[in-house]
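Listed below are the structures to be examined.
Consider the two complexes below, in which chain A is the common component and chain B and chain C are the respective partners.
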Partner chain A sequence: MALPAGLTKRDLASALEEFAAAVGRQFVFTSDEHINTYRDEFGPLRGTPKDPVPSAAIAPGSVEEVQKVVRIANQYRVPLWVISCGKNWGYGGPAPRVTGSVVVDLKRMNRILEVNEQHAYALVEPGVSYFDLYRHIQERKLKLWIDGPVGGWGSVVANTVERGVGQSILGDFYNFQCGMEVVLPDGELMRTGMGAVPGSPTWQQYKWGFGPHVDGLFSHSNIGIVTKIGTWLAPEPPVFLSCQVSVPRFEDIVPLIDITRPLRQKNLLVNSAVFPPRLGRPQDPANLGGWYNKIGFYGEDKVVDLQWQHVQDAYAAIPGVEFKARRFTAPYDAGEMDAFGRTLAGIPGVGGYGYRGVFCSPILPFTGEAIWNMIHSFDRIYQEYGLRYFGEAIHIHQARALVAPATVPISLDDPKVNETAVALVRRLIVESTRQGWGVYRITTAFMDEAMAAFSFNNGALLRFHETLKDALDPNGILAPGKNGIWPSKHRGRQA
Partner chain B sequence: MDPVMTSRRQFLGAATSALALVPVAGPAFAHASGAAGSRPSFYKVVYDERLTDCLAFAAEAAALGAATHGIRGDVTSLWYDDLYYRWREDNPAAIAGLTLEPAAFCLKVFARDAGLHQLLRGDHVCTAHGHFDHTVSAPMPIVRRVESLSASGEGWGAGVARLLSGFDGRMAPRSRASARTGVMSRGDTGLHLVSWVIAPGERRLRSGTVV
Partner chain C sequence: MRPCRISAAALLVPILAFNGPALAADAAIDQGREVFQKWCAMCHGSGNGMGATKILQEKYQGALPALLEERTNLEPEFIKVFIRRWNPGMPAFRRSEISDPDADALAAYLARNNPAAD
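Showing the complex of A and B:
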């Protein structure tokens, strides 16, 4: 059994006995077989001494059990790593940051507490996946749409607080979050926003509450365990257009992005994703075809037609541009849509797992010039390692910035590939920092480097995070090292 | 709102060689001439209908009595519309297949969430020289027969089906074996197919654990 630094075997054993009393002995897992299910399948450190291994996993079934777990962890100073559905592939999966941590697996907390059709929201527990929520809505024939990430098996709660993205109308997941319930590191239970008013009917309807807006403190964070989240849904549109704009040359990405920007700012496009010419394979900028932009339009009949026509008129400035569209009307049949259509309609799936890799995802200004600069500067770095730039889709879920993941392949069984991956990602982070691009998310192995880029005023932001961490989690039990935020006892001795 | 009941079996997910598996009588593919009412031991045998070797695999599996199911890379519909329900039953269904790695990965993860596990994995990789290298991790009775793939030549897909047809679900130490099939002229360098078996089991506790 892997021991975390600073914890004795006896204390861990005592803690596990108390965890067993709190959650039920049958939901405490220490065997190798079970521990192996909490390893990172996409981890670049696999097979190395630095590949993090939990000591145990526990599965509380209720908020009250989570509170007990946190209090026990404080008593024994046991580091916890919290997962929801454990599907954070490419960003660490279910594995902890610190070897010897006890994984708190919230999959048993899988109730869909409310789906409100009138106000278009849902309130869910962490173990609810996008598939679960979609099935719930479909079975009850509710006129609501969701959106989800590449893997519909992911947790709605976790993907929201990790600020994941989708490709349809609700693709900026965190932006559509409204109200949380959180277990704090001392076991206290708190609700944010209007949820702090007992009996409030607007917990999932009005984001801000009263006083400082604290929800963001529990996003990308390690100062609370989110046990419920409100998420806005979309009314089912009467008409949905699944559209594609294709441009023939690699360099057409520049005008494609520059034309998209005002369309997005004016909400003529609510979201889209621009796919590189060889998705899933390395791209040689000197010798490639063009790009395609997948766009959905959602709404009333004549309105979506006018939007699409206007958008086509704008893109017509690119020589050789081509357009495709498929029109769907309610009631919708997912079987009639192709894979991209289903994605644009927010229908969850798992078809996007074409390759294993980790991501370095810089946030770029919404300009073609920025994308072009990133591709070429990254490609020079890839070539230092015998590879070529390997881009994923460029996500346009916000109106003023782009998320542009660069993928670095990893291997299940070739340590040299993974050594290269680690070195390459570190170089990409250095380059991103040099260019002033912070990253959107990153896998656990590189969280310290990613946070180090946010160094304004001698790291004032990280010091602020650490101040909160020390105040709220003085024993440092909750997800130490998450996104580079370490409890005081670990600072200077990071993994 | 009624909570979704999650049994311990459903919650736990995969284990490996420590499992005591529910014995399954007879070969894993039911014969077409099997007894009336008999049920295939594999609920479905999955294959990627875009790939030559998978088509050969499926044809042989069908000839051996399996119910085959073709996919085009994406297992979403197979899981969402079918296995999701079959894996919630008291006797969840075992499946087998030959697919690309992402499909095998996705089914393994879905299965783990439902308390099933991957009991066999074969990696079949086309090398730069046109060979297919086969590495199979499986119970010993299967592993002893992996060498037969060397003689299969271009028909190795059918050979994998015959291997899986011998899977009978009894606990056996897992081992690993490799084989290589001869040079093929198809230019599929780098093609990586995965054969797999996913099945339920009854967990046997190991001494010394907390649980």
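Showing the complex of A and C:
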């Protein structure tokens, strides 16, 4: 059993006994066979001494059990790492940062507490996947749409607080989060926003509450265990257009992005992800091909058709542009849509599990010049490692910035590929920092480097995070190292 | 000689004992069907463009049924190992998701049409 630094075998054993009393012995997992399901499948450190291995995993079934777990962890100083559905592929998966951590697996807390059709929201626990929420809505024939990541197995709660991205109406997931319940590192239970008013009917309807808005402190963070979130849903549109704009040349990405920008700002486009047509297939540097933009229109008859016409008129400035569209009306049949249509309609699918890679995803200004610069800067670096980069799906879930992923391949069984991956990602982070980009999210192996880019005023932001961490989690038990935020006892040294 | 009364309960005991294994097997298959519906059907079911079924259709090209529920050669031990590890296109299912008893039931369900062992 992997032991965390500073913890004795006896203390860990005692803690595990108390965890078993709190959650039930059958939900404490310590065998190698069980622990293996809490390793990072996409981990670039796999097979090296630095690959983090949990000591155990426990699966509480209620908020009260989570509170007990946190209090026990404080008593024995056991580091915890929290997962919801454990499908954080490419970002660390279910594995902790600190070897010997106990993984707190919240999958058993899988209640859909409310889906409100009148106000278009849901209140869910961490173990609820996008498949679960979609099925719940379909079975009850509610007139609501969701949005989700490419793969439907992920947690609505976790993917929201990790600020993941979708491609439909609600693609900026964190923007549509409203109200949280959090177990603090001392076991205290807190509700944010209007949830702090007992009996409030607007916990999932009005974000800000009163006083400082603290929800963001629990996003990308390690000062609380989120046990419920509210998430806004979309009223089912009477008409849905699944459309595609294709441009023929690689350099057409510049005008494609520049034309898209005002359309996004004016909300004529409410979702967008731009794909190169050779995504996932071998790319010929001499014949890179163009790009396509999958866009959806959601709303009233005739209105959406006018919007699509206006958008086509805007893109017509690009020579050789082509348009495709399919029109659907309620009631919808997912079987009639192709895979992209279903994604644009927020229907969860099985995508996203066929690759093995980690991501470095800079945040760029919403300009064609910025994406062109990024593609060529990154390609020069990829070539230093015998690889090439020609751009990937660009996320345009916000109207003023782009998130531009760069996938670095990893391997389950070739350590040389992973050594290259580690070196390449670090190099990409350095370049992103040099360019002033920062990254949107990153796998656990590189969280310290990613946070280091946010260094204004000698790292004032990280010092602020550390001040909160020391105040709220003085024993440093909750997800040490998450996004580069370490408890004081770890500071200055890696786990 | 006195008439010998044999209670219905006494008759049931040997009947149940004789049919016990079959009833238990049926119960496992029923439970496994529920596990399949909850965890597998959204990808491996039929209709609505189920992603995994389509992928298997392309992979097998008719050599094997694309619908897992129609397979006749899935071994229970293989199923129980397969669901616990990541495979391209499919996540691993932990014990917090599919418990060991549920995995046994799922395996029984998917193997229910296998030819009987000689």
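Convention: the second predicted complex is superposed on the first by the 482 of 495 C-alpha atoms of A that agree within 3 Å, B and C clash if a C-alpha of one lies under 4 Å from a C-alpha of the other, contacts with A are read in each partner's own complex, and residues count from 1 in each chain.
We adopt the following convention: a contact is a pair of C-beta atoms (placed from the backbone, for glycine too) under 8 Å apart; a residue touches a chain by one contact, two chains touch by 3 or more.
Treat the numbers as computed from the prediction; the structure is a model and nothing was measured.
Enquirer: Quick one: classify A:41 as touching chain B (first), chain C (second), both or neither.
Expert: Both partners.
Enquirer: So, does A:152 touch the first partner chain B, the second partner chain C, both, or neither?
Expert: both
Enquirer: With both complexes overlaid on chain A, does A:333 touch chain B (first), chain C (second), both or neither?
Expert: second
Enquirer: Looking at A:20 after the superposition, I want to know if it touches chain B, chain C, both of them or none. Which is it: first, second, both, neither?
Expert: first
Enquirer: In the overlaid three-chain picture, which partner chain does A:489 touch, first (chain B) or second (chain C), both, or neither?
Expert: neither
Enquirer: Tell me which partner A:59 touches in the superposition: chain B (first), chain C (second), both or neither.
Expert: Touch partners of A:59: chain B and chain C.
Enquirer: Is A:71 in contact with chain B, with chain C, with both, or with neither (first, second, both, neither)?
Expert: neither
Enquirer: Could you give the residue numbers on chain A that contact chain B in one complex and chain C in the other?
Expert: Comparing the two interfaces on chain A, one with chain B and one with chain C, the shared residues are 26-27, 29, 33-34, 36-37, 41, 59, 87, 107-108, 131, 135, 152-153, 339, 348-351, 353-354.
Enquirer: Across the complex, what residues on chain A touch chain C?
Expert: Chain A residues touching chain C: 26-27, 29, 33-34, 36-38, 41, 57, 59, 86-87, 89, 94, 105, 107-108, 131, 135, 151-153, 333-335, 337, 339, 342, 348-351, 353-354.
Enquirer: Using the touch rule from the top, collect the residues of chain B that touch chain A in their complex.
Expert: Chain B reaches chain A through residues 1, 3-4, 6, 8, 11-16, 18-19, 73-76, 79-80, 84, 102, 105-106, 109-110, 112-113, 206, 209-211.
Enquirer: Please give the residue numbers of chain C that touch chain A in the complex, ascending.
Expert: By the definition above, chain C touches chain A via 42-43, 47-49, 51-52, 55, 84-92, 94-97, 99.
Enquirer: Show which residues of chain A lie in contact with chain B when the two form their complex.
Expert: Its residues touching chain B are 13, 16-17, 20, 25-31, 33-34, 36-37, 41, 56, 59, 61, 87, 107-108, 110-114, 131-132, 135, 152-153, 339, 348-351, 353-355.
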